[in-house]
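Across the two complexes that follow, chain A remains constant while its partner is chain B and subsequently chain C.
== the complex of A and B ==
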């Protein structure tokens, strides 16, 4: 969507391999199709749960469509189906172009692609069918013998629901991902660019985080200690898997699209090392006022407030990079996605520094405030960034401009505005719920009083889904090679880079 | 160091992760390492057994088909299965299992949660929970009778006006007075929650059942 085609670093340096030799474009397309498929599934699952809460679920009472099970499909499909797939696809573009080396092996890449889809698909299948077939004598015997939960379906940890019989495969997959991308990074000469710091750390962290969360609380420790590990896991999955990959991509795409370097290298260093040090220390802030030792809770609160200061420097760095090119925000759609995400990121972090305090926790813990926060991070920041990247890359991967710039605009506006409405709505709902509970009214008061907010949420969600449908329709038409319905000088997207 | 591959791999990637894991994960493990983790058989208590027996008397035919006679062993089996169902159906996404010392929670639910309450096999992973669409359940046992739970799982709005909770007809053979094995197990699990406390209420029989 940038105006005019620009030369890419790989193409301008004669000594280095050409883009075609470095990047496997087909696998990127496959990853993106998988990502968008799981995003659609996830949104439909979210819709089902939202309708249940406002009593509009016409599919109630059907075992395989139980909102309790589909709630887990909603979150897992976003994390492992959409975000992971979209990240992996984009990594296949970014890593070879930054390092001038191909990924370790093309067959391995395809093996990882297939394996990952099997992992996500089986996770969904396990969550949906597991509880139906749970009651088997041999399972109960195993559970009794080993004193383990032995759930065929979901396990009892958020985002760690992945059934235990898939965990080893997922770990193997993550290890192969790390190897496949670390090899080109290892081969690269000279100073490493910021993006690669984030990626390298993310490959290590994601594997360690997944292993910790999916093995320890199930097999090693129970009770309060398992709670501390669980807090670390759900926090690190956002902070050490999604966040570093997301920021790494921003450090790559923003300078390329703006055609100017990152504003301050010093701030890049502060941002990376601050995140690396403080982010992992905060897991317990998800379980404040639990029986986890209080001094650990205080530590988590303090390091959370510290990391918010650090991320402020990252956001400042990117706005410094935008500098006087502010008009790009309006004309360049990927840039608009990126910077909208950054504004949401800043709101998220500012909100986080407040809500992590014990004062706020009294009121808003357990409420929809937290749900609003989660949507702002996962959709408002990282999904918008990935939409921006896809908007930029699809014309290059398919070799033709977008079928309709208008549909791209609809995708942006419906996604970002609906998300912001949902965020405000759920945040406010959280405050109401907190007061309903603290004032000791009957429980029904809180669920009845939430109805206006929950109804608003249904429509905000439908808005986000409509945005996705615009994107999918646009992609379908572009892929088929339909002639662009509208063309004007400023709207012609670049040919393949 | 700050921009080198080894610095990022070993210090940021592995080092800082391990530091946080030691500080936030290993410290509580070491603090609680001397407290034994109870097995399911050990957490079956007299209060729970009275509820389990009540299930056998109230639903004789379904109970006989599912568990035979009401014995402590069968009660442990039901508890184990009930917890698996509770996790698999995602109950814990809308119901927490800890009472906080703030926000009047001890008035609504009962005693504030203590760490030792969670030292058992059924808290792998611990089911603290992070969201309350419905109320906390860690003090739920005994607050409602088994018949209430059966009707409530079958169709929540029958006994709880405007409840947004989903219906679970697959825990029954067609009617709320015919709970199947999964239904009976889940009711047993819910009646267990909080049964270790002396404050365990007795919804139906106001006779005190001595704890163990």
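== the complex of A and C ==
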């Protein structure tokens, strides 16, 4: 592998660090490869579950590969395998460059990398094997003897399915991540750029959110109370782990690619502190109409509306930054990914404003509307941002332009259009399902009526997967050093043109 | 481990002649490191828009807390999420005070320009 920056001389300005002294490019590549591997697994799992819902389960009869387990593989591989790995890799680029300090320790970084892959791998194993093994009498006996929770496999917590015996290791991993990155941030002097505010908060929040969501309902609280904590957990995972890292990265990459600073740094700080004070309040909006007391439900509704305003600050700021450089949206692929993600983010938050009302909840709760919303935010926003970042960074990490700009374009169009089709499809499915249920028809009527939507979802999923295959093929050819496909025809393969 | 210092504005300005200035503060009416009055107005307006509902939410949470102690039906288990929130917010409030005390918000637009200058320095070395 040739590194784009390794071939360069040391820094020429006194006291000013050189990129290659700060950034460990190899670990970034490893994180990205791991992230893309888990993304492939997760998408295949999503396709399997989607096929099951149209009565075409290709793995029918294989207990270990039953759809219930695949669904958990799908969501966990996305959150902890794809998003976490891609974020960690990118942090290794951004934090040292922003602070001018290396991460605390290179061996620690590699230790975290290996440990994290083991954690995600063991989670998958626990989810697949656990439910089968935990029926064994010897295991039941052992669990009784040691007073251990019985669920050797998936923990019965939404998004916290990581088996309980992995939780302490995962927490240790998150703590080490925080230490490794907080040290360089702590060393930097003077007023901090907004990205670092977001990162600092994310390191602390992610650790606390994971501990709260996985430990409290398992060992401390039970019943509806545990449900309320579960609501906070699933919401905070998106809002306090993925969102601050995502926005922090946008505040870093967008100005660099547009070659102009963010429109208003002051406004970005208003957005950050707004998120800090409002987000933790909202989780219970996932459980409107449940036995949780109404005053808590109303509190969550109000704070959700406050967060809509926070979102407005961020969106105004980024569109203000784009300003007259709108043409970059068409010519600069990473910028296109970023701004498409921002538009999707705005749609997601607009949806939230509707969803959070009790009137709306009556119709859409438990329907596919929510699944559409989840895909819009996880894929349409954060995954598109990460694809944009990878599209920008891979050529720099590998020291050569993309093999094919056309494949880059296919990746973008297949991913964003298919995702949008999936989102519209599931949103509509949700409304239909809600009305089926409200009309008190038999359950089967709603699942039969959902078939056209679920079939459409399979095709949309295939489109997203095809986009990923284009990206992987392009990456493979670029890595191998193949001559850029379009060079002979005079087209530029650089995706950041 | 080699320790590095952040470049001072003087170092940052050691750009080569053919490198363009970032667009920071170059548009008409934009002071180099400050905000335009439009930016200041939008920032203030949004700050107020956010602060008012936030205070409402905050006070609301305290009212709920009082309700619990007065024995509102089913109130006890609300303690966990409310305490959770209050603790997190207290932490952030301390951090906000600390940041203000340490001058983090003094020249609030400066970091956005400095960061781009630093990036330019890192990339200039890479490309030469």
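The rule we apply is simple: the second predicted complex is superposed on the first by the 459 of 497 C-alpha atoms of A that agree within 3 Å, B and C clash if a C-alpha of one lies under 4 Å from a C-alpha of the other, contacts with A are read in each partner's own complex, and residues count from 1 in each chain.
As a convention for this text, a residue touches a chain if its C-beta (ideal position, glycine included) is under 8 Å from a C-beta of that chain, and two chains touch if they have at least 3 such contacts.
Being a predicted model, the structure only gives us computed values, none of them experimental.
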Tell me which partner A:256 touches in the superposition: chain B (first), chain C (second), both or neither. second
Chain B versus chain C as contact partner of A:266, first or second or both or neither: second
By residue count, which of the two partners contacts chain A more extensively, chain B or chain C? B
With both complexes superposed on chain A, which partner does A:140 reach: first (chain B), second (chain C), both or neither? first
Please work out whether A:395 is in contact with chain B alone, chain C alone, both, or neither, and reply first, second, both or neither. neither
Under the stated touch criterion, which partner chain does A:467 make contact with: chain B (first), chain C (second), both, or neither? neither
Once the shared chain is lined up, is A:287 touching chain B (first), chain C (second), both, or neither of them? first
Could you look at A:157 and tell me whether it touches chain B, chain C, both or neither (first, second, both, neither)? first
A:246 in the overlay: touching chain B, chain C, both, or neither? Say first, second, both or neither. neither
Chain B versus chain C as contact partner of A:274, first or second or both or neither: second
Considering each complex separately, which residues of chain A are in contact with chain B in the first and with chain C in the second? 191-192, 204, 208, 212, 216, 221, 223-225, 228-229, 232, 269, 273, 276-277, 280-281, 283-284, 291-293, 296, 299
Give every residue of chain B touching chain A within the complex, in rising order. 2-5, 8-9, 11-14, 16-17, 19-21, 23-25, 27-29, 31-32, 37, 39-40, 76-77, 80-81, 83-85, 87-94, 96, 98, 100-105, 107-108, 113-115, 117-121, 123-135, 160-164, 166-170, 181-182, 185
For a test of understanding, state which residues of chain A touch chain C in their complex under the given definition. 4-5, 8-19, 21-22, 97-102, 188-195, 204, 208, 212, 216, 221, 223-225, 228-229, 232, 252, 255-256, 259-267, 269-270, 273-274, 276-278, 280-281, 283-284, 291-293, 295-296, 299, 302-303, 305-306, 309-310, 312-313, 316
Contact residues on chain A for chain B in the complex? 52-55, 57, 60-61, 63, 66-69, 71-72, 130-132, 134-135, 139-140, 143-144, 147-158, 160, 185-186, 191-192, 197, 200-201, 203-205, 208-209, 212, 216-219, 221-232, 234, 236, 240, 269, 272-273, 276-277, 280-281, 283-284, 286-287, 289-293, 296, 299-300, 361-363, 365-367, 370-371, 434, 437-440, 443-444, 447-448, 454
So in the complex, the part of chain C that touches chain A is made up of which residues? 1-7, 11, 14, 20, 22-24, 35, 39-40, 42-43, 46-47, 49-50, 53-54, 56-58, 60-61, 64, 67, 72-75, 77-78, 80-82, 84-85, 88-89, 91-92, 96, 103-116, 118-119, 121-123, 125-128
